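One structure below.
First chain written, first letter: the chains are A, B, C, D and E, and each begins at residue 1.
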Amino acid sequence: MSVGLEHFLVLGAVLFAIGIYLALTKRNAVAVLMGIELMFNAVNVTFVAFSRFVESASPLTGHVFVVFIITVAAAEAAVALALAVLVYRNRETINIDEINLLKW
Amino acid sequence: MAMKTEPFVVNIGPQHPSTHGVFRMKLTLDGERIIDVDMILGYLHRSMEKLAEERTYTQNIPFTDRADYLAAMTGNLAYCLAAEKLAGVEVPERAQWLRVIMSELQRIASHALAIGTFINDCGAWHTPLMYMLREREKVLDLFEMACGARLTVNYMRIGGVAFDVPDGFVPACRALVKEMPDRIAEYEGLLLENEILVARARGVGILPADMAIAYSISGPMLRGSGVAWDLRKADPYAVYDQVDFDIPVGTNGDSYDRFLVRMEEMRQSVRILEQGLDALPGGPVNVDIPVALMPPPGETYARIESPRGELGFYVVSDGGPAPFRFHIRAASYINLSALREMTVGLTVADAIVVLGSVDIVMGEVDR
Amino acid sequence: MPTRFLSGLELAQRIEQKLPQTVVEALPEWVEVQPEKLVDVCTFLRDDPDADFRFLASLTGVDRLDHFEAVYHLQSFRLNQLGVLKVKSWDHDDPEVPSVAPVWPGAVLQERETYDLMGIRFAGHAGLRRIFLWEGFPGHPLRKDWLSMPGQRMPGLHRFPGEPGEPDVGRG
Amino acid sequence: MDDSGSVVAFWTLAALTVGSALMVVAVRNLVHAVVYLILSFVGVAGIFVLLSADFLAVAQVLIYAGAIPVLIIFAIMLTPRAARDNAETSLGLPALPLVGALLATIISIAVVTDWPEATRGGFEETTSVIGEALLSTYVLPFEIASVLLLAAMLGAIILVRED
Amino acid sequence: MPFDWLRAGPPLAEWWDLRDLGNAVGGLLGWIDDRGGPSWLPYVVSGLIGIVGILLWSVFSQLFFVWAERRLVARIQVRLGPNRAGPLGLLQPVADALKVLTKEMITPRNADRLLFWASPILVMVPALVVFAVLPFGERMVLADLNVGVLFVIAIGSINTIVVFMAGWSSSNKFSLLGAMRTVAMLISYELVQVLALLAVVVFTNSMRMGAIVGWQDDFNTWIVFVQPLALLAYIFAGAVEINRTPTDIAEAESEIVAGYHTEYGGIRWGMFQLAEYVAGFAIAAIVVTMYLGGWTLWGLEEWVPGWLIFLGKLYGFFFVFIWMRGTLPRLRVDQLMGFAWKYLLPLLLVNVLLAGLEVLIWQENGFAAEAVLPAFAVANWALAVVLVVGWGQVLGHLRPEHRAKRPVLVKEVGAILYEPYPLRPGGSVPEA
């Protein structure tokens, strides 16, 4: 029994699916953000797995991408959470069902 | 757009490391910032004023020990002054000087503890407290030598003091007087310039002079707020008019100033002690008074400068053997009036520092 | 220089000059004023440069069996003088005098204490609650008739305050 | 990767990661959800170690197990108690087939595609290579990312500032 | 072949040579290999030896240091300290441990049971795991990661979450206050830690702990000589991380009783206490490894076991923490955060820049280390003093309201000497 690229790709896919389910269904803005973070992680796993297993002249490019993703994710988390706090302050709720000012 | 956080109510006390007894502060917080303070007292209330109405004038002296149990001598003194004023008793010269000596020793002991616990409240890990307790121990040893008790001394009597001091007392007291200035200088060197202590206490809990007067604040707190007021000079009792000393006055009215004033007052007390030991005359230490002292009907208000401020006894006599009314004007209780004024807008950590700088004794607050 | 004791007679004279018909009785020891004028008198004494009583040294109440009196010891720092002011309330069941807390904020705690232990209500006091005893404690212990309160009420409680059960107010 | 240690490690870590991620969906308490999320992130860090990405593994722990949960916790604490549940919207049931379909697609692609697999083992030293790449080939994205971080920081501060 | 590095290097003396306990382990592993055991066995055996060794060492050190701290602080406080149980009171920690073990563990009714139960266990993890990358001796390291420095920082950040879990799950207001304080504080000081350690990495050009010690050994110097400012900042950040005065605001006894572990009793409280000490050892060990030459002592390690030198330095450094606890009051939380963001961070940024410049000058010109390192040391020490004092001046820590003063002495009563601060009553002096 051995572990190869497919194993990691499937793991990434499962994590991504869970993340997208969280983002789609959760009522709480913070929980939605947690789903998005999970999706980022799934993508990171995939990147690193490709970097490790796939033939390439500069295999560590995948790692560099992951570094960028982590950076951007941190920035995104900070802004998104600031938004959540702000929305709560203005609308007294962070239930995204009730945040519908932009609804057509 | 203000931050709408839920107000958060925290009970500091009645069982808390730094409420100095069973005092309870109900803090309403917004984050760490205090938006309201409520004091809840009475956990140590013993209804002394009612009990005193059932006992003779002499029997009431132990109550005054147990009101401000960290300054029993001054408590005794204030009550005896009131009773003497009411009954018209003259106190012999030697007793007067002994009263001054004991009061000043008591002031050193009480201020030492106040400074130690104050710095503890600022977050030191008991070290200054331990040093201060060492000094206090020496004073308590002297008390033990004089009257056999250390905390609730019951030493003063109406018309003098209970017993003359033993022969070894004056040399022992002189040794302490000789040693104390160095000690105080050492503590000042260690504490005054401590950057963290200054950062914690300077500018925290500011009480302006006019507010301090309006809130009936007295003692080191009042002097810390810049008011030069000391009953030992303003309304001399015993023989304070015959000793020379200075009143230390702070200028900014913050917690740090109160600490400074207490520190300097210890030094001034040592000065008074020196003069008192030199001037101590011979002679009797008390006068005979009837067992059931029955002062003529009337009322009196006698007050002294206790370590915590103006300690007053308002005693009303109806001619009987027991006081008709016995009211203690407790300094640290009334000093608490301004607590809300001083703490609202600060953080929890600051509130503890401010409370420490007020120097409350729950026995006196609740009585 | 010891504190000058401003005698009641002198004090009464000064008050009468400014606020006539407020002094009820003046003795060398103290001066009694009409309760309804108390706040005016106190404000006057506080702000008058000759009296300068900016410091309320002590506030307490006395149960004189047929009436209650509230006693105010006033101190001036600048002039170093002390004066004593009294007001009386002749309603022995429900004594009430005006609060001087607006004049001296230092009166807040002392009035609460006097209310708690003596039962004198201070009209105009914003937070007149019990302070040493708990809400629901029957009677006011410093009153002379406390041990034989009317209506067979007894001091003390059946149980600790806060425990479940009937409220203990006015247990008979 | 066919030694038994790697296989055991992979399955353990995969189970930890996926199990914790599922718990994030399942638990009702948002704070518990954050704790499970951290556990899941730590599992991902383990996966990174397995893939010999040591620098990324440590960075993952530092940022995903240390920094971002703190942000999330602060967001939770700054909003009221009532908003601390982890309930789902009515979209829960319709989302399931959608997510299932997506999952099936990705997995089929992953399995069916014939990836050009390399035969080399793990990396010896990743940190210095990443560092050099960031400051040579990818220097422009690197700078843009730093500007983005700065902008995000300023934005977050301005958003929640009390005027 | 696993653990080649353990068997590499010059053949040392026999396996029983105390100078290097790695010898014994290497001998054992070689013995297992020779007998043809399964390939995973050496991993498991060496891991177990390391883990059990670190665990036992940390527990016994903690017990000893509970006693040592009480005795030393007592000495600072002019009293005796524990002196009844056993000779010199040495058995006092044993008695304490027995008491803690037999006490009831109370769970508050409103506590979050899962997290309340898990926190005391998890709090040990970051404290202990750090030791995995720290070399106790030349080859005595459980896993000499090549990202060791980053690992240490990453593990430290987990601590934040555990403390928050403990405080939040207790359902106690003091705990929650303590937890939020800790979280705010730790994330501020994480940056300080990173920058302080980064300056070291710039010099050593490696994040491997072993290599950092090796660098100091090669150049016969300690990094503290070339990076004094970084050490100073790291000590402060370390004190924050392990909740010691002047930075023990997370469990400030006089304010919030015991902070995040107010509700814990019995052995659960004991775990927090143990973790606090072990984290303190970890900080001290990091300081010793990164700044104070690790297990080397200018050639003495040839004669004295390196791990003894390491432990000696570690305990010696831990004494600094005890000393701090005995002598300093506590800062307020906003002062502590202000100190990190306004004072330490700018200084450290300048420091990292300077370190980079120095290394650049050194490498580009190919100077000899013997010539260039003393020059750097002198320059950096001078600069550290200038920066610390100068930045303090700029921030106004030497303004009048920060300086000590004396009360005014008066003879006559009645005067009013009050001078208001330029600020609102009841408020505090605004930070510069």
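Methods note: contacts are C-beta pairs under 8 Å (C-beta built on N, C-alpha and C of every residue); 3 or more make two chains touch, one makes a residue touch a chain.
Computed from a predicted structure; not experimentally measured.
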Which of A-D and D-E has more C-beta pairs touching across its chains: A-D
Farthest chain relative to chain E (centres taken as mean CA coordinates): C
Centre-most chain, if every chain is reduced to its averaged C-alpha atoms: E
Of all other chains, the one whose Cα centre sits farthest from chain D: C
Mean-CA-position distance for chain E and chain A (Å): 34
Chain D-chain E separation of Cα centroids, rounded to whole Å: 29
Between chain A and chain B, centroid-to-centroid distance (C-alpha), Å: 64
Separation of chain B from chain E, taking each centre as the mean of its C-alpha atoms, in whole Å: 43
Multi-partner residues of chain C (each touching 2 or more other chains): 77, 80
Residue numbers of chain B (touch at least two other chains): 1, 3, 211, 227, 229, 234, 341
Residues of chain B that touch chain C when the two form their complex: 41-42, 45, 47, 49-50, 211, 213-217, 227, 229, 234-236, 241, 298-299, 301, 303, 310, 312, 314, 316, 324-325, 327, 329, 333-334, 336-338, 341, 366-367
Residue numbers on chain E that touch chain B, as the complex places them: 73, 76-79, 173-174, 177, 181, 245-246, 248-249, 252-257, 325-335, 397, 401-421, 423-429
Complex contacts: residues of chain C adjacent to chain B: 2-3, 29, 54-58, 60, 62-63, 71, 73, 77, 80, 82, 84, 104-110, 113, 117, 130-134, 141-142, 146
Touch list for chain E against partner chain D, complex: 39-40, 43, 112, 114-115, 145-147, 150-151, 153-158, 160-161, 164-165, 168, 180, 183, 187, 190, 207
Chain C residues within the chain E interface of the complex: 77-80
